[in-house]
Every structure is written in C-alpha cells, then in structure tokens.
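Please find one structure pasted underneath; my questions will follow.
Which chain is which? They are A, B, C and D, in the order written, and residues in each are numbered from 1.
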C-alpha cells in the first residue's frame, strides 16, 4: 500500500485512517482506511453492509466519525454538514437518490447555488440551458422543467450524477452510481469520469460490479465488516483475489444450498401488469423450490413482489396460491393464503424500528393470540420467545427497540415474524442487504433448510453470487418485464447480466 | 438573504463529446423528452392550468353573481372599496401562513399575535400621543416578529412539531393580551383620526390597506420565486431529509419562515386596529384557522413543498368575498360557515385528484412505446 | 366544612360581611365596565367586598363556571347579566341553595332562577324610544334593519319583538327588512353592518340596541358613502359614540345611566342579604342617592326611563 | 441449544415510575395537594363535582382523540360535532322527540360526521389536518345554520338535573360512570387488543404496518367514526348540563382537547402515549383552572399556564433525549456531536 512521503508528491486528496463509526448498538465502521489521490479513480468494494456508504457519508459530512483520522488534501477535516463538505470541494453521489419531488429537475441540480442574473435574481433560462448541457454531456434527454416526481430510479440516478459533476469538485465520490444504469449510460458516465480524472480530480467509485471496477479504476480498496482489508493497484489484482478479500473465505460455503425435492406449484402468477412499473409478468413457484428474481436496481422486482403480496395494486393479471385466487391489494388476505413477505427496506417496511422485538415478531400472529379478544404483553412474549430463539436473535431483552439492533439481527427479527405465521410461500426481497458475512451464511442456510421442509421461496436479490448460489431457478427482470427463466445449471453471471440489460441493449 | 460566496462553486459543464451528441438515441426515448412547446405557449398553458387561475375564475364568478343580484356589491363606491378592503387583513396573514406551510410547518399562533399587536397599537397611541403612525406600524411588525421568533426557535432548535408549539403559544400569547388588557378596550376615540382614516383611505379608489397587503404579497412572492433562500423554503418542505443531505440550512429557513409569519401577523394587528377602530382583548380569536383555510384553498399543499403565496392570497380573497356575497345571494348568513367548510374540502379533494392524475401521467411516461 | 384554614376564615367572613360578585355577559365590554364600576362604588360604600369575574365571549357555559365558583366562595350575593334565560338557571339555583342571593340586571333569566331583576328601563319604553327615534329621523317611511347582540340575548330579543309590534301598529310605512347579530364583537358587528348596507341598498335606518353593535355600526357608517344617508340609533355609551355624534353619523342614541343600574343592583343585593326585603312584589328599599324603589310584578325593579344623548348634551357625560 | 429471553430490560417499578405518564399523574397529585392546602374552598366536595362536570366533555373526547393521534392523525372537527349534536338534540326535542331518541339520532349523526372525516383521510388519503379544518367549519356551519338565531332551552328538568347530579353524596357526578365505562372500553381497545397494537404500529411506521397486514385504512376510518360518535355524546351532555342547545356551544373546545392529549404524553407524530396519561393531562388542566378560579384569577392566567405546560411537555422530550445521548457518548468515551471540528484521535 502506498505511503506518500511528504517531499515525494503533493498530499493525497483524501486520507481516511482507522475511522470508526457506530449507530447506537450497530457498529458500521471499526477501522476504515482509504487514501485517494488526485488524477486517480479509486474503487471501494465490499459486501453489503461493509460500511462503504457510511464511510463516504462521513466524508460528506452526513455523519461525524467517532474516531480516526480524516485529511482533505493534507488538511485535517471534520464536516458537520454536507454544506461544509461541498464548500471544501467534495461532491457525492449518494447510493439512494435524494431529490425534491415537487421541484423541477433543474432546481434539483442547482438548489442552493442557482445561477443568479441581474439583481441576484435566479436566472431560470440560464439554469435550464445549463441543465440541458449537463444532460447532453451525459448523452441523455430529460426535460429540465419537469418535476422530479415520478422519475425512474435510473433517471433519478442520472440527475444525481449531473448534480455532482456540476459542482466542479476536486473530490468526486460515487456510491453505486451505475446500479440502475444500462450499459450505454454506464459508458457515458465512464467517459465523463475519465475526463474528470484527466483534469486532475480524485474520484472514489463504489460498485458491486467487478467488470466496471476493472474497466474504470486504477486502484482498489477492499473493506469487510467495517474494516480496512487491503489496497491494490488494479493491474496487480484479479477478481478471484478481490472476492477472497471481500468475503474472507471461499464463496462456495457462503451458499450452502442443499437440493430439495420440488413439489406442486404453490404460487402461480399470470399476466400481472401495472402500467409504468411492470408488464405481463407470469411465473410460478413450487413447493421446496427457491426461485431467484434477478435484475438491475429499479428493474421492478420489488414492485412485482409487492403486487403479488397485495401491498400495491395491479391492473391486470391474477395471483393464485395452491390454485385458489388471492384477492388483489389485500395483504391480510395474502397472509391468510399462506404468503409471507420479507421486504427490501428493513427500516421502513420490514420493521417498526421504534417498537420492541416482541411487538415486531408478534406483529402478524397477535390477532390469533388474543383470548376473548384480550391480548396482553405476556401472551405475546410467551408466543414470541421460541421464534426469537429459533432465529438466534441476539438481544438482551424482548422489549429492546428494533432500531437498537444490528442490520443482521434486525433481518432475523423480520424473518422470525414471518416464520411465526408458518407460511407456505416466503417472498424475500434482498435477504442479505446490509448484513455481515456471518449472518449472511446463517440466512442462506435457513433458506435452503426451509426449502428442504417444502416451503416455496421467491428470492429477490441484486447480488448475482447470492442468486446463482441459492436459486433452483433464476427469473430475470428488465424494465419491468421477465426476460429470462434460467434453470440453475444454465444460470451464469453472463447469461443473467445479458438478460438483465436485454431490453435496453436491444433498443440501442 | 443569500448564502456565503464559499457555498457557490462555479458551474462547469463538460462540453458534449463528438462521440455522444445528444441525438435522440432510442434508449433516451424511455426518458421524458424536453417539452417541444415554444416558451410563450408553455407559459400561457402553465398559467391556464395553474391553481391560482382556477381560484381567480371562481372568485370572478362569485363577484359576478353577487353583482348581478345587487349591482352595489361591485359598482357602488363603497362596494368596490369593501371588495378590496375587507380581505386585506386576511391576505397579510395568509401570505405569512403560506410561507410557513411551504416549509412543512404550521403557525396556529397568528390569531393571538394579531390580538396582541392590535391592542399594543391602541395602547401606544394612548400612552404616547403624537407617536408617528409609521412608528406604530414598525412596533407592531417588530413585536410580531419577536413572537414569531419564539415559535421559530422552539420548532427549529428543539425539533418539535410546529402544530404543538404554536398551539401552546396560541394560548400563551392570548393569555398575555388578556391579562394586559383585562376588561379595558381601545375605542375609536382613543385612536388618532389620521390613523383611523388609514382604515378607509383610498388612492385612485384603491384602499391603502389593500395596497399594503399587495406590497407584502409582492415582496414575499418575489422572494420565494427569485431568491436562492426563497427556493430553499420549497426544497425543505418537499423533503426535509433530502434538504439536510443537500446541506441546506434547514433551521435558519424554518426560523425565518416563522419570523415572517409573526411579523405579518403583527402588521395585520395594526391593520385590524386601523380598520375596526376598536380593539378588545379577544380581537382575532380563531382567525388562525381562517388563515390556514385560505392557504389550503389557495393550493398550498398542507405538507409543504408546493404552492404559491399568490394562491394563498387569492384563497383569502375568495374566502372573505364568499362570506360577503352569500347574503346578497339570499343565503342566510348562518349557512356561510358551512359553505366555507365545503369549499375547503372541495379544494383539497380537487388537489388530490389533479396530483394523482399528474403522477400517473409521469409514471406512464416511463413506459416503452 | 373543611380543614383548610383559609377556607374556614372565608366561610366565617361570608356570614358576617357583604360580598358581592358581579358577572357581566362578558369582560371587556365598556357598558358593563361602567355599570359594574357603579356597583363597586356602592358595595364598598356599604363596607362590603366587590369582585367582577366573567367569560371572555358572551356565552352561558362560561358564566356557569364563575357562578359555581362564587357559590363555593359563599359570596353573599351574585349580580348577573344573563347570556341565556335558562342555561345558567341550574347554577344560579345551586348558588341560592348555598345561601347566596341572586340579582339579575340588564339581561334577565326566567324568574324562578333569581331573587330580583333590576330592569334598566321598561322593555316597551325602550323599544318605543328607539322606534320613535329612527322613524322620526327617516320621515316615518322606508326600510330599516336591526343589528342585535347575540341571537340568544334575552333582553335583546324581548325588545326586538316589541319593536316589531310597535312598527306594525304605528308605522305602517316603515319596513323592518332584516335582523342581524354581531355577537357584541367589534369585527362581527362591523362586517354585519357592511353586509346590511350591501344587501339592502335602500336601507334608510339601523337600530342597534347594544352598545358594542351601535359603535361598530357607527364606525362603518362614518367611513362609508351612506354616512348621513342611513340613520343610526340605539343604545350606546357616550364615550364610544362621542366621535360619531360629533361627525354627524349619529344624531341621537339612548341609554340609562349604567353606573346607576349597577349601583341599584348593588343596593338591592345588600337589601336582600341584610334581609330587608325578600324580593316579593311590593317590597320597598332605599338605594342611597338613587332614591326609593318598589319591587314590581315578577320580582322586577325598574331603574327609570332611558336618557337621550345628542350633540347638545353628550359632552356632559364621561362613561 | 435454546436461549431464554428476559421479557424486560428494566424492573416493573422502574418502567412505571420513570414513565412520562407517571410524571403527569404525579403533577396532578402535587397540584391538588397544594391547592387543597392553600386555596380556600378547594377542599370541598363541591369543587370535585364542578371540576369533574367542567372537564367531562374534554375527558370524553380525549379518549378517541388519543387513539386518532396515536395513529399520527388529528381531528380538529370535534368541537363542531359537539355543537352540531347539541343543536340536533335541541331541534329534535322541539320536534317532539324524547331526549333518548333525540340523543340516539345525534350520536348516529356524530358517527356519520366522523365517517366523512375518516373516509377522506383513510381512503382518499388526504391529510387529516386539512380535512378536519374543513369539516370544523362545515359541521359548525351546519349547527349554526340549522338553529339559526334561536337557542333551545326548554329541556325537561329531570334530564337537565340528571346531567349534573352526583352519585349519592360522593360528590362525583353520575356522568363519570358513563365516562369510566367508555374509558375502560377504550383502554382495552388500545392497550389490550390486537387492534390497539395495530394502532401503535400505524403511528410508528404506517408503511411497516401495511407490510405486516395491518388494515391501516380501516383502522383509521373506525377511529374517526368513534371520535365523531363520542363527540356527539359530549355534545348531548353539554346540552343537558347547560340546558341550552346553541350552534356555538363548545366553540374552541378542540384545541383544549388536543392540548390535554399532548400534555398527557401522546406524541403528535403518533405511536407513543397511554390513556392514563391523557386522563391525567385533562385532570391537570381542570385542577389548575378551578384552583385559579377559586383564587379569583380569571381565564388569562389559566391560558398562559396551559400553554406553557404544553410547550414544556413537548420540548422536554427532545431535550432529555439529547442530554442522555451526549451522556451515552461520553460513557462510550467518544466525542459528543457538539465538539468543534478537529483532528480525529487515533
């Protein structure tokens, strides 16, 4: 790893050493280290929950580090707000788009630093022109005057990129900017990134896609469980080595998939359509089968799952459980029919984070616990304990708030909540997002165990290894359409990726 | 107010590479095309579609109906004057309230602030005869601003919901007036004639108080539309968390919104004294709900982020004018409040319908051709 | 009664000493300020303790709370102007059970709820002067309207009925086109006046038998182009009306002397407390410089005839 | 291996004593003690009677309002429903209906008023603040419109008596029995039923509740209906106690109710609060008001105190949270958020 001696060269644009950060009980960062130089594109890789986003949020001034060293161009830095980091020349593209839905695309890009005309009045025409030019530079067309409301994840991501570029910063950090983009858009982004690098800016690039990392970056830093693992020049490393460093063990035993015998169809979805989100989606999941739903972020997988479970409504099509039609837009009915749904956003959808472990696990079953319509805490505690135990939830007591637990434990609570309903179908969206490697393996073991007991499982995941490692069958979603149905043996990263970007590639 | 120069990095735009002209390649068709309308037509269309326009139409209809039924409603000199004069006070309140609501807050204390400054106005004239009228206006605005500052500090710093805080200060401020005024009151004879005449004075048939209201409206509207900090009001209301991520100074903006609302309520208090000539300790009780109603009718989303003070002002005029028109139309005045309620409800339902339609349009625009 | 020392002394004093609680329709009403001031003077001259409490808005439920409190404090007498003839009745009877004498003034309750009613002027007398006043000013023909206080004010409604009768009987060409209610609130009364003039372009006169109402109406008239064209009269206090009498908006309005009314009520209360009278018809008592008074039909005492204020005499009065 | 879980982190006494509700209850007791010793006549039975009679409408409405606010919604139209039901009882009584019949109809109408609120909020998805400001005007307008200038006051004496009569010589108004019954019902509903758990979940995260199969819309709808019905009950009591049905009865009561609920420790954001705290909150306002009145102090000071209590009660929560947060960070030996920018310590 490169230690820059003072006389040899200008100090690195960004230096983070042994940075630590925890959120209540959750330790997001233990000792993270990252050194990024001007004129270099530096990849930061690590599994979900490794702490990448947290680290860059510290640079951005969203979070304050608990400990560690943070230098910007050699100067000690410690930002209390993103305004300070902006002023210091740091531009960040956050993982999740942060737009103002009511405001126009242009205003979203220039908010707080709008172009001023005569008398310090905002010059809208000039801003719209600038916005169009930015988009032109990225080679996309978005009406600068339209509101951000209703933009697709991809479009939202592009606006974030335009926003960051327009900042003309010396340090540009991109947290999974390509996750929602098609090949063409990615190429355009890279062209821009390379030009910025050649202008002598430092760029930090976070991605789960190795091909991109090797294509774009010159250096890579690997993180695991909030700790610095290693920094390598791209030229001197390989995918295998990186994966090894990320996971800290062979990928194989991360996915303990035991083949279970497949039974009759449990879930049958046919012709499901919701305008603007997904179209004519038909598939089925059989007892004992794990079906993986792969695709780019924003492809519409979660929407499909939500519609099947009845959280969202759909316009056409039907959902059947064991041959019986499930009424649309009625989660309670879906639950009665034997469905369970572990949603993608744990903090917002999976858990009531401000409620206790008991309240959360009992969430679905409590109706059945009541005697003469009366329900007491102790009834719930008694009913909940075995499930908490089965999932080995780590908590000092059952009245702990869910928000005080680690991502992994939270996920266990959510799964416990649903297993308590003894479902016949488990829909699980991003089962291991933001979960440490150990828990990850546990969750995977649990899934294949459940399948072994004859439960039908529909698993949505943005992580190819996970899908390939766990699924008996892989369905690929692109632009809200099913573009492939691959059996386990013929599902390869290439085949899936190809299908996942198909619609767009065909188009261009 | 404008942000420190350090916070405005210059905007540099990478000039389009020869390789990637913004030609409409097929994959960009997925995205919404820039509107092909000529600027003028876009503006005109926007105007016609705007909420403000529809309120204006309703307002004109009401006035027309009342005038047909009884020409003096508009055509007599005092009819014309009252048409403009009566809403003036509520316009001022609504403008302040709109600014607060746009930031996803609400100020319920304006009625009490109005009462306090209205009484203060009278007291000033009684205790300091010969005090210039301008000074009294200044005092009203200043005191109102201070009371607003208290609200703002509590909301912005303690991060407590505005609804609760301003409900509390509603009681506190009112209590202060009550104990200060006791059962004493301000009579017209306590107020200097030229101040009272302000209440009805006209310039080219336009009442002075209405001009004051317009001035306030113009200033605030201009600020919210053309100033950076003004736009931040909308950003904050649209998504407070994103605003923080973005590095906007949320606290300062929210604070200034409340100060503005307070100051305008203070101004309204002085206007109250000038217009009604006599002030008792319960002046302005309950007017806060009218102000919120006007804002809601005016198309400002109650959860912030969208709407304009122009709309709020029109809402205020509509509210007041309907009240005045109903008796003309032979509807006994007991039913007025009911109609106002129906009006508010239909306004927000309408908003919801339109919003739903728009977002459906935008989502479907994402579909492949 | 109770082991609280303060309470003990309170109870003791109640028996011995005269303590009168005045409860106006609402606080902040100059008319009641004057009348209660008159009461205060008398009560203190009689060596009693005077207090004035009341609601902010003129509503019966507000008054009830203060009646209850007074009853608990063992006030020897209550002097009330009722916001509702029945609503406060139960509370008053509660108080009387506790030994508190109840005198109503200005606005009465039903007779069974009080010991005595001090009537400022005979209702028909009042109705008559106001009707005569307005008809005289408008030449006994044309449209007139009434701006009253709250829709439930006993005295107001009684007067309005009498006015209607009087008009029907004696002024065939005068048409009462509207009765509106300003709830003794400046802003409401003001706006209602504006509405009246808008709604009835041919309106020639307004009667406002309430001091807040007439002042607000005068304020609006004086600033409108109807000034001088629309006659205004009713019941008002000189201080509030001086302005408008001088600038010609109003040329005559009426009132008894509120201070005397309050004073008389206080004397009556004292007489009841001291047991000089029981309040039955025919009782007589002396009210200091106000002279001697006789209890009339259904326990009513009449103060006297209303007084006409106009440009000529208004400056002699300062209440 | 099987793990056993402690049900609670802290012992019962600690959970009870350190709760927000306990604080309010303690405050009520403290203030009452003080008043008992220092305010003339406060010690009397009559005080209790009048105090309870005065706060009964607020007590009643506060029950369903608590549940509504726990779901994160609000209902500003309650006082207008009180007025409307009062007017209905009056008009129907004049129209020859017996009091029970009139009351029944009034309650039904109240429920319908609530249903309109509930439909617009839960099913149309409009913000309850805006909706109920609208219906506040609408229902009040209907009340005033129906009765016009009149007030109906000729209610049968036995009924008006009944409204303010007391249980034996306890000095406790009979109407309290009605309240206690309702309070028990709502307590069971909120604290001892699956429905109640759902109410809290909706308040704490309505999206998560939705994903858990809680019938969010139906729950909110039901709560608004209940609020309407109970408000109507309060209106009937109001009418009979003062023996007068008027369009403007109880104007402004909505703010007192909400103030009391928030004072009782219910979070305006929803998801937090207990009925016991709310009841204590109402009583606190009642005790303070009556004590001050007995001292000859009028509404104005009472207003100020209620307002201050309200502000303090909400500001205290975040302030305490911040303090404990800083403390926690100290214990972890790390820098509290507030310390100025500086070089990180290795």
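Simple rule for what comes next: a contact is a pair of C-beta atoms (placed from the backbone, for glycine too) under 8 Å apart; a residue touches a chain by one contact, two chains touch by 3 or more.
Worth saying up front: this structure is predicted, and the values here are computed from it rather than measured.
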**Study point:** Pair joined by more contacting C-beta pairs (A-D or A-B)
**Key:** A-B
Point to revise | From chain C, the most remote chain by mean C-alpha position | key: A
Review point. Chain A to chain D: how many Å between their CA centres?
Key: 42
Check your understanding: In whole angstrom, what separates the CA-based centres of chain A and chain B?
Key -> 41
Check your understanding: Roughly how many whole angstrom separate the Cα centroids of chain A and chain C?
Key -> 75
Check your understanding: Measuring from the mean C-alpha position of chain C to the mean C-alpha position of chain D, what distance in angstrom results?
Key -> 38
Review point. Of all the residues in chain D, which ones touch at least 2 other chains?
Key: 148-149, 251, 298-299
Exercise for review: Quick one: which residues in chain A touch 2 or more of the other chains?
Suggested key: none
Revision key, fill the gap. So chain B residues touching two or more other chains come to 178, 281, 285
Exercise for review: For this structure, give each pair of chains that are touching.
Suggested key: A-B, A-D, B-C, B-D, C-D
Point to revise | Residues on chain A engaged by chain D in the complex (per definition of touch) | key: 17-19, 64-70, 76-80, 309, 311, 331-332, 334-335, 341, 343, 348-355, 358-359, 362-364, 366-367, 369-370, 373-378, 381, 385, 388-389, 392, 395-400, 417
Exercise for review: Over in the complex, which chain B residues touch chain A? Could you list them?
Suggested key: 2-3, 6-17, 19-22, 24-35, 42, 225-228, 231-232, 234-235, 237-239, 241-249, 301, 305-306, 358-360, 362-368
Review point. Which of the residues in chain C end up touching chain B in this complex?
Key: 27-30, 32-33, 52, 56-57, 180, 185-187, 190-192, 194-195, 197-199, 201, 215-216, 219, 223-226, 239-240, 242-244
**Study point:** chain B residues within the chain C interface of the complex
**Key:** 70, 72-73, 76-79, 82, 86, 178, 181-185, 187-189, 199-200, 272, 276-283, 285, 323-324, 327-328, 333
Review point. Okay, in this complex, where on chain D does chain C touch?
Key: 36-44, 46-47, 50, 54, 148-151, 153-154, 160-161, 164, 238, 242-244, 246, 248-251, 290, 293-294, 296, 298-299
